[in-house]
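What follows is a short report on a single structure.
The chains carry the letters A, B, C and D, assigned in the order they are written, with residues numbered from 1 in each.
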Amino acid sequence: MNSEIEELNHIMIKYIAALKVLETQIEIINDDFQYIKKYNPIEHIKTRIKSADSILAKLERQGREFTIDNVINHVNDIVGIRIICSFKQDIYDLIDLLRDSNMIKVIKEKDYISNPKESGYRSYHLIVEVPVELINEKTYVKAEIQLRTLAMDLWASLDHKITYKNDDVNKEISNRIVQFSNEMMDIDDRMSELIEKKKKLEEGDK
Amino acid sequence: MNSEIEELNHIMIKYIAALKVLETQIEIINDDFQYIKKYNPIEHIKTRIKSADSILAKLERQGREFTIDNVINHVNDIVGIRIICSFKQDIYDLIDLLRDSNMIKVIKEKDYISNPKESGYRSYHLIVEVPVELINEKTYVKAEIQLRTLAMDLWASLDHKITYKNDDVNKEISNRIVQFSNEMMDIDDRMSELIEKKKKLEEGDK
Amino acid sequence: MNSEIEELNHIMIKYIAALKVLETQIEIINDDFQYIKKYNPIEHIKTRIKSADSILAKLERQGREFTIDNVINHVNDIVGIRIICSFKQDIYDLIDLLRDSNMIKVIKEKDYISNPKESGYRSYHLIVEVPVELINEKTYVKAEIQLRTLAMDLWASLDHKITYKNDDVNKEISNRIVQFSNEMMDIDDRMSELIEKKKKLEEGDK
Amino acid sequence: MNSEIEELNHIMIKYIAALKVLETQIEIINDDFQYIKKYNPIEHIKTRIKSADSILAKLERQGREFTIDNVINHVNDIVGIRIICSFKQDIYDLIDLLRDSNMIKVIKEKDYISNPKESGYRSYHLIVEVPVELINEKTYVKAEIQLRTLAMDLWASLDHKITYKNDDVNKEISNRIVQFSNEMMDIDDRMSELIEKKKKLEEGDK
């Protein structure tokens, strides 16, 4: 397994390069969006690199051996970017731009906003491929993009702090956490409506 | 007035120094808190420097002339730091630490959490003084600290995006924004209760 | 001319995007180089964006009018990256990698290392083109890459501090600055020889 | 020894706090210097934290046991800051300001500029003490400040790359490295003279 760990270090060069390319391209889209629409859809961005341990754990949960081929083909979120938006509509606007991009190829989508996880988790996940040019190799590398609103992120931060180091958190607490998620979703929906209404009022002013 | 602008540039050296001292000390408190309690009360920090125009506008609203003395004595928030916490209890814990600090002297407090502004704005404001040692001068400089939860910050972000460039936003919209603020506050309270409950459950486990 | 300034702001979006793409790609090359050769050719990197004033001044020196077409076609260094290397050999290694790159297209080279400017200035300049994907446009944008050693950079820093705000610096001073440049070049050459010699000694050890 | 490692982690909180305080104060001095003299004495700053392994190795070289008392009393450079200046005179100007500071207490000086190490290493080292206010403790913590010119730093970078992973570097190479150090020193002296001469010329202009 040591040689797999070594080879993993090798391919991480590619994944980290892909993460840089992806972050740069999303910054470019955001700058251009802001220029065109005088409106900034992204509140902030976080990047993430999966540790060797987490990659191993993910393959184990899938019942797969730890080989480099399995890593490349079955762990799609080795690197990822989280995009936090103010409103739900911003997320859908960004997804449309990502789908239209020639450089970022969307190869899989999971809508945990319309279909939240049992825990209450909501976000929109995309698996994408970006071109990476290394010294002796030109290739495409997979990465994950998570999009969520400030309210979904607030909930995730709560969920993380509540369940951390407490595996058998009692039933009552987890029920309440799901309930918070639903309330957040409701607020998100109404805030999105309000901002759309305001945009229309402004257009009416012209 | 040009000489005032020049002198303003001069005193800004002190205010920017104060902001650096304040940010450093809050990072130190946060690091130490995390070490002692294995818990991180601060989600993120933002620093802010008031522009010459905003300083001028503030004095005008106060009906005061633009003199350096008036700037120093009547504009307390020339520089400021915003601290975003996960839960309301984190805010009160941090305020206690700031009140106990010898270095950061709290000279004024405004509790817009218990007494929100009419707009729905909630945050806890402190005016503080920090020691600054320049090359030829040792002095104390005022700065503002704003503390708020993720939910209060989410609301502020909404409020900023909704009212921006729309001075006569209609009554209905502003009413809804106040209502969002109340709902956020309610969620904050219940999340704070939940995290305190969880802490007690964990202590009971020991 | 105001509408030109406005349009200049518009095209700056592209140039700033190009700078980001270029910086990212150079970081990727550096990371990969370090992985393959266990040696880091780059000491540090600085990015630079030309101000509207400097663009105007450059066109004036060229005897050209301030039009967007002239900016795009005749100002090749609107954005640029400066790469500082330890040794001269590192510069030539990097230039080879840049010439081999499919993404970064080298369209012009100026070797101020072999042929220093009269002032004593030494650096290797490349004008390159990089692909930029904006929301509604896919295009190629020009940028400048300057490569220099630590010794050349030290000299440039001296030159900048000596000549700054002193247009008629006397003949004696400028002669000495040229002499420093020659001495620096001599040291660079001998240091490059020494590091190459050491690399061969190490290979002999194997 | 494990409990010593744990306690080391504990005291590192203080040392990292001291490093932040020191870096902030040096930034403040630099900003103020720049404002007063319209001249920036610092090219760049690097901070450094000694690893547990290096602390252990240092105590071993001193023939001392690994106890927290020995760490605190006999390892003065657990954290440090390196200040790179353009010219030698900048270093002496900064040292004067540091000696005059009430906040940063200079407790030891080593002048490796006038008295370089056998290897050719040149820098000015200060051991200082800075005040640190933690949550439950107010204390003074030691740190090291290294000051060097760009030329000394260039030499150190060469020395590091040449001797790295090559313990028995042959006599000829190390002789040449010492020689480079002497040549660099000579250039530094003449550049310092030149900049002083230029300052006088400018004063004569007035």
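Assume a residue touches a chain if its C-beta (ideal position, glycine included) is under 8 Å from a C-beta of that chain, and two chains touch if they have at least 3 such contacts.
Keep in mind the model is a prediction, meaning the values are calculated, not measured.
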Exercise for the section: Chains touching chain A and chain C alike, please list them. Expected result: none
Exercise for the section: Could you report, rounded to a multiple of 5°, the rotation needed to superpose chain A's C-alpha atoms on chain B? Expected result: 180
Exercise for the section: Quick one: report the Å distance separating chain C from chain D, using the average Cα coordinate of each chain. Expected result: 30
Handout entry: Between chain B and chain D, centroid-to-centroid distance (C-alpha), Å
Key = 36
Fill in the blank from the handout: Rounded to the nearest Å, the gap separating the Cα centres of chain B and chain C is 42
Exercise for the section: Indicate the residues of chain D shared as contacts by at least two other chains. Expected result: none
Problem - Which chain pairs touch, all of them - result: A-B, A-C, B-D, C-D
Problem - Interfacial residue positions of chain B with respect to chain D in the complex - result: 10, 13, 16-17, 20-21, 24-25, 27-29, 31-33, 35-36, 97, 100-103, 132-135, 138
Handout entry: Complex interface listing, chain A residues touching chain B
Key = 43, 86-87, 150-151, 153-154, 157-158, 161-162, 165-166, 169-170, 173, 176-177, 180, 183-184, 187, 190-191, 194-195, 197-198, 201-202
